[in-house]
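Consider the two complexes below, in which subunit A is the common component and subunit B and subunit C are the respective partners.
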Partner chain A sequence: MNKLIRAFVAVFAVAFLLMYTVSKLNESEGKTAGNTLTVFNWGDYIDAELIDQFEKETGIKVIYETFDSNEAMMTKIEQGGTAYDVAVPSEYAIDKMKKANQLLPVDHSKIPNLKFIDERFMNLAFDPGNKYSIPYFWGTVGILYNKDLMKGKEITAWNDLWGPELRNEILLVDGAREVMGMGLNSLHYSLNDTNKQHLIEAKEKLDTLTPNIKAIVGDEIRMLMENDEATIGVVWSGTASELMWKKENLEYVVPEEGSNLWFDNMVIPKTAKNVEAAHKFINFMLDPKIATQNTEYVGYSTPNKKALEYMPKEIVSDERFYPDPEQTERLEVYENLGPNMLAYYNELFLEFKMHKK
Partner chain B sequence: MKKKSLWPKVYLAFVFIVLYAPIFYLTFYSFNSGGTMNDFEGFTLDWYKELFQDTRLLIIVLNTIIIALLSAAISTIIGVLGALAIVYMKKRAAKNALLSLNNVLIVSPDVIIGASFLILFTIIGIKLGFTSVLLSHVAFSIPIVVIMVLPKLQEMSLSLIDAARDLGASHWDVLSKVILPYISPGIFAGFFLALTYSLDDFAVTFFVTGNGFTTLSVEIYSLARRGISLNINALSTLLFLFTILLVIGYYFITKRNGRTAGAGGGNE
Partner chain C sequence: MENRARKLYLIPYVLWIGLFVVTPILLVVYYSFFDLNGNFTVANYEKLFTPVYIKMILSSFWYAFLITAFCLLIAYPAAYFITKSKYKQLLLLLIILPSWINLLLKAYAFLGIFSTYGAANSFLEAVGIGTRQILFTDFSFVFVAVYIFIPFMLLPIFNALDKLNPTLIDASRDLGASAWITFQKVVFPLTIDGVKSGVQAVFIPALSLFMITRLIAGNRVITLGTAIEQHFLITQDWGMGSAIAVFLIITMVVIMVVTGTRKRGVQ
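Moving on, here comes the complex of A and B:
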């Protein structure tokens, strides 16, 4: 009996000792109460050096957490019990959070660097007057393909994907809006079409693509494309530019029928504890030099006009990643279609995923 | 029967190679300076250095161990009491019902247990984090402890208890001086099994973590999604070594226990 008691006391003692160590470590990381800022961002979506630099300049400790989908992020913020000071949702999520009253207005007078942002990316439909959100990155959805495996053939349009030579060679991102949008665009309908007849047509068109599809995946697409496992991937522009850095035989194209133009903006959730620091952080990220460094690391397109001047010419003039205003005309931003329509998109997407090859 | 055939040994070696090859493959590439698992370019300890400089990861490792130790200890205490209750229950039907309920928990899929915990915690308003992970680990470890302790209790002769009572032992004396010492190998086995279950649990933990608290298995999963870095190999290697140490420790404890029991002692 004594032996048992001794053993259990030892176990508890070790556990509490470790807990003490953890709290000490947390302190050394500066994660105790005080001047801290919690940032909630997509995975691998910031140059970590910039966080250190921000900490040094302002004395504010940054706690950095990541999410992998807008939906996951919204649930965490909605559920409460979290205290994120800055989050980076995409445009339709911002619209949704705004309507659900989950965001605090951004004080523009505290963000002098806002003047560096290109007019094109301000005052958009999802947030008129940028009352709640400040642009972080933007990009497109398009086709990434392996030039070697294509044997010289070029891809310019969504409809090229239906070619019989591409049997079992296409990877798709696992997103209802992206894939349904691809079907709609290939039929020259709008990405935001709410006509059920059109949507069913798009789904039926997608069904005929199934012999060519190898898999519908998430982030794994990077690894698969890097290892030549597939010829074609439908991806976001940032994924494409990152991979094209590593592999020269990859090519990215924004399909001529049109595609999606998206924005990720910084917002301050209602649960924020340190609103002052949040403004400082947003202002810091808009600094042209900082934005340049961040853009070079992340690989998506920056909305910062001044930062473009600091960047290498060949990147900025690359129309695949910085399409000029004329080209962005045929691109569309996702609109918030309301829960019923979204559910219908998801349902059709699910049916498409279950369609037999 | 003069000469033993060589084949059993070859077969055994083959099975062990198949079982351990993936782990050694992983370990081998944790020393690769190349940065990928495709070809080995040169020897380096950089991945280990990087690992130890990462305070965040270190905190996660410690948290995982804390959860394992606490949940194993708490569930062992509850589990032993449960096993005692089941064994000394008078009604046969109730006894069988309780045993079956206990077994159902062992065989039901982790995903379902995890999802139901998530629903439960959000309904009663427990914040996801340390408490929720600890509670769920305690819950899924209890049935395992019960299963490990029960056989020991059942093999114990009832006359031992009768003899103790005859010699004037109180209820408490019987429990602390007769029953518990007798079943202590089962208690330790239950504790260690609960410990390993908690250390490597992914499915249940995945549902109930939140607010910046994660355990190692969940963290490795999210790291792997971003693309395999050899950091993960280094971490897995260290974890493997840690488990080996645990196994060796367990071996020595049982060996010592065996000796004292054999010498007629063990009722301390």
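Moving on, here comes the complex of A and C:
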């Protein structure tokens, strides 16, 4: 009996000691409640050195967490377990969060660096006047392919993916909107189509692509494409540009039938505890020098006009990653389709995934 | 006095069960009756019996069955061998050791080993069979799942075999039974409880595997676990996700009852 009590006391003592040490350590690093900033961003979507630099310059400690889909991010913010101060959703997610009253307005007077952002990326339909969101990166969805393995054949359209010579050679990204959008675009429908007949048609068209599909994967797609595991990957433009710097035989194309144009913006969720630091962080990321360094690391397209001047000319003038306004005209931005339509997209996507070869 | 003390000890147990077992299950059941717009409905359960979900349920069961069968096929002889060995504890430790390593890490390792230019294919090339697609196939999925679950099958079987009184085997042989008959009539019936707990420990989690369905099977295998993950994280259709979870809970109870406490065999 006494032994049991002694064991209990010992466990509690150890637990208490550990907790105390952790809180002391946090304090010595300056991590007290008033002086931290919790950032919630996509995986591998910032140059980590910049976080250190921000901490050094401002004395604010950054807690950095990542997510891998807009939906997962929104779920976590909605549940409110962690008080995120800055998050980086895409346009349709911003629209949804705005309507759900989950965002705080951004005070433009605290973000002087906003003047460096290209007008083209301001005041977009999902957030008029940029009341709630500040541009971070933008890009497209397209086809990344290995020129050597394609033996000189070029790919220009979604419909090229159905070629019989591509059997078991395609990797898709695991996203319902991306894959369904590809099916819709290949039939020349809008990727925001809500006509169920069109959606079923798109799903049936995708089913016929199954023999060519090797796998439907997440961020592993980078590693797999780098190791020549497949000839073709349907990816976001940043993944493509990052890989193309490493491997010269890769080529990226935005299909001619149309594709997705997306914007990731920084927002301040309603749960934020340190709104002041959030503004500082957003302003910091918009600094042209910082944005340049970040863009060179991440590989996506920056909306920062001034940063473009600091970057190598061959990158900035590369129309695959910096398409001009006329070229982006044929691309579509995802609209917030509402929960029922999103569920329907996902159901069809699930059915497509279960379609056997 | 004694009675009161006993009640006192009961508190942590009751709190634990109440907070972390009963409440979550009730919540899952509660959520399963609501649709996306927050209306009360049984449509989620009706949806479970549409072709899409029936197909998914059948394929989940099929893969879970394969995984369990291979685990048993490997674990039983291995456990038998280990009990007979001089280095019992060491061999056991070696089998359990991989379960100390993070699951995700192991999955990524297999991603490398099974890839087109990975170790497995280099070996196949070297022995003259030639490069095959291993990654993103049923084979790789079942292989990795078996690898992950083997310790859970092996341990209970090992314990059962280890407790087996060796004189019983001698007696059986003395009375003229062949090795096979001895195994069939004596060894296996006496270790059936170990096999049952092993089967439970593997089959039930295997039904709701998700992460490795993407990493190793490239989403070519869709299990109920994948569907639950998608409903909670992507469509935010908690009702449908919960309905699948309730279905799994019921299935598990059924499996527990079927493979459960009935005593069989010679004792």
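Please note the rule applied: the second predicted complex is superposed on the first by the 328 of 357 C-alpha atoms of A that agree within 3 Å, B and C clash if a C-alpha of one lies under 4 Å from a C-alpha of the other, contacts with A are read in each partner's own complex, and residues count from 1 in each chain.
Following the convention adopted for this analysis, a contact is a pair of C-beta atoms (placed from the backbone, for glycine too) under 8 Å apart; a residue touches a chain by one contact, two chains touch by 3 or more.
Quick caveat, the model's predicted, so the values are computed rather than measured.
Peer 1: Check whether A:125 is in contact with subunit B, with subunit C, with both or with neither, and answer first, second, both or neither.
Peer 2: neither
Peer 1: Now for A:100: first (subunit B), second (subunit C), both, or neither, which partner does it touch?
Peer 2: neither
Peer 1: With the two structures laid over each other on chain A, which partner does A:176 touch: subunit B (first), subunit C (second), both, or neither?
Peer 2: second
Peer 1: Looking at the overlay, does A:48 come into contact with subunit B only (first), subunit C only (second), both, or neither?
Peer 2: In the superposition, A:48 contacts neither subunit B nor subunit C.
Peer 1: Could you say whether A:229 touches subunit B, subunit C, both of them, or neither, answering first, second, both or neither?
Peer 2: A:229: touches subunit C, not subunit B.
Peer 1: Regarding the shared-chain residue A:218, is it in contact with subunit B (first), subunit C (second), both, or neither?
Peer 2: So A:218 meets both subunit B and subunit C here.
Peer 1: Could you look at A:200 and tell me whether it touches subunit B, subunit C, both or neither (first, second, both, neither)?
Peer 2: A:200: touches no partner chain.
Peer 1: A:63 in the overlay: touching subunit B, subunit C, both, or neither? Say first, second, both or neither.
Peer 2: first
Peer 1: Between subunit B and subunit C, whom does A:351 touch in the aligned arrangement: first, second, both, or neither?
Peer 2: The answer is second: A:351 touches subunit C but not subunit B.
Peer 1: So which bits of subunit A does subunit B touch that subunit C touches too?
Peer 2: 218, 220, 223
Peer 1: In their complex, what parts of subunit A are in touch with subunit C?
Peer 2: So the residues of subunit A in touch with subunit C come to 69, 71-72, 74-75, 168, 171, 174, 176, 214-218, 220, 223-224, 227-229, 339-340, 342-343, 346-347, 350-351, 353-354, 357.
Peer 1: Tell me, which parts of subunit A touch subunit B in their complex?
Peer 2: On the subunit A side, the touching residues are 1-4, 7-8, 11-12, 14-15, 18-19, 21-22, 25-26, 28-29, 43-44, 63, 65-66, 68, 76, 79, 81-82, 218-220, 222-223.
Peer 1: Going by the contact rule at the top, pick out the subunit B residues touching subunit A in the complex.
Peer 2: Listed in rising order, the residues of subunit B that touch subunit A are 55-56, 58-59, 62-63, 65-66, 69-70, 72-73, 76-77, 122, 127-128, 176-177, 180-181, 184, 187-188, 191, 210-212, 222, 225-228, 268.
Peer 1: Report the residues of subunit C in contact with subunit A in the complex, numbered from low to high.
Peer 2: Interface residues on the subunit C side: 36-37, 52, 55-56, 59, 111, 115-117, 133, 135-136, 214-215, 217-220, 222, 227, 230, 232-237, 240.
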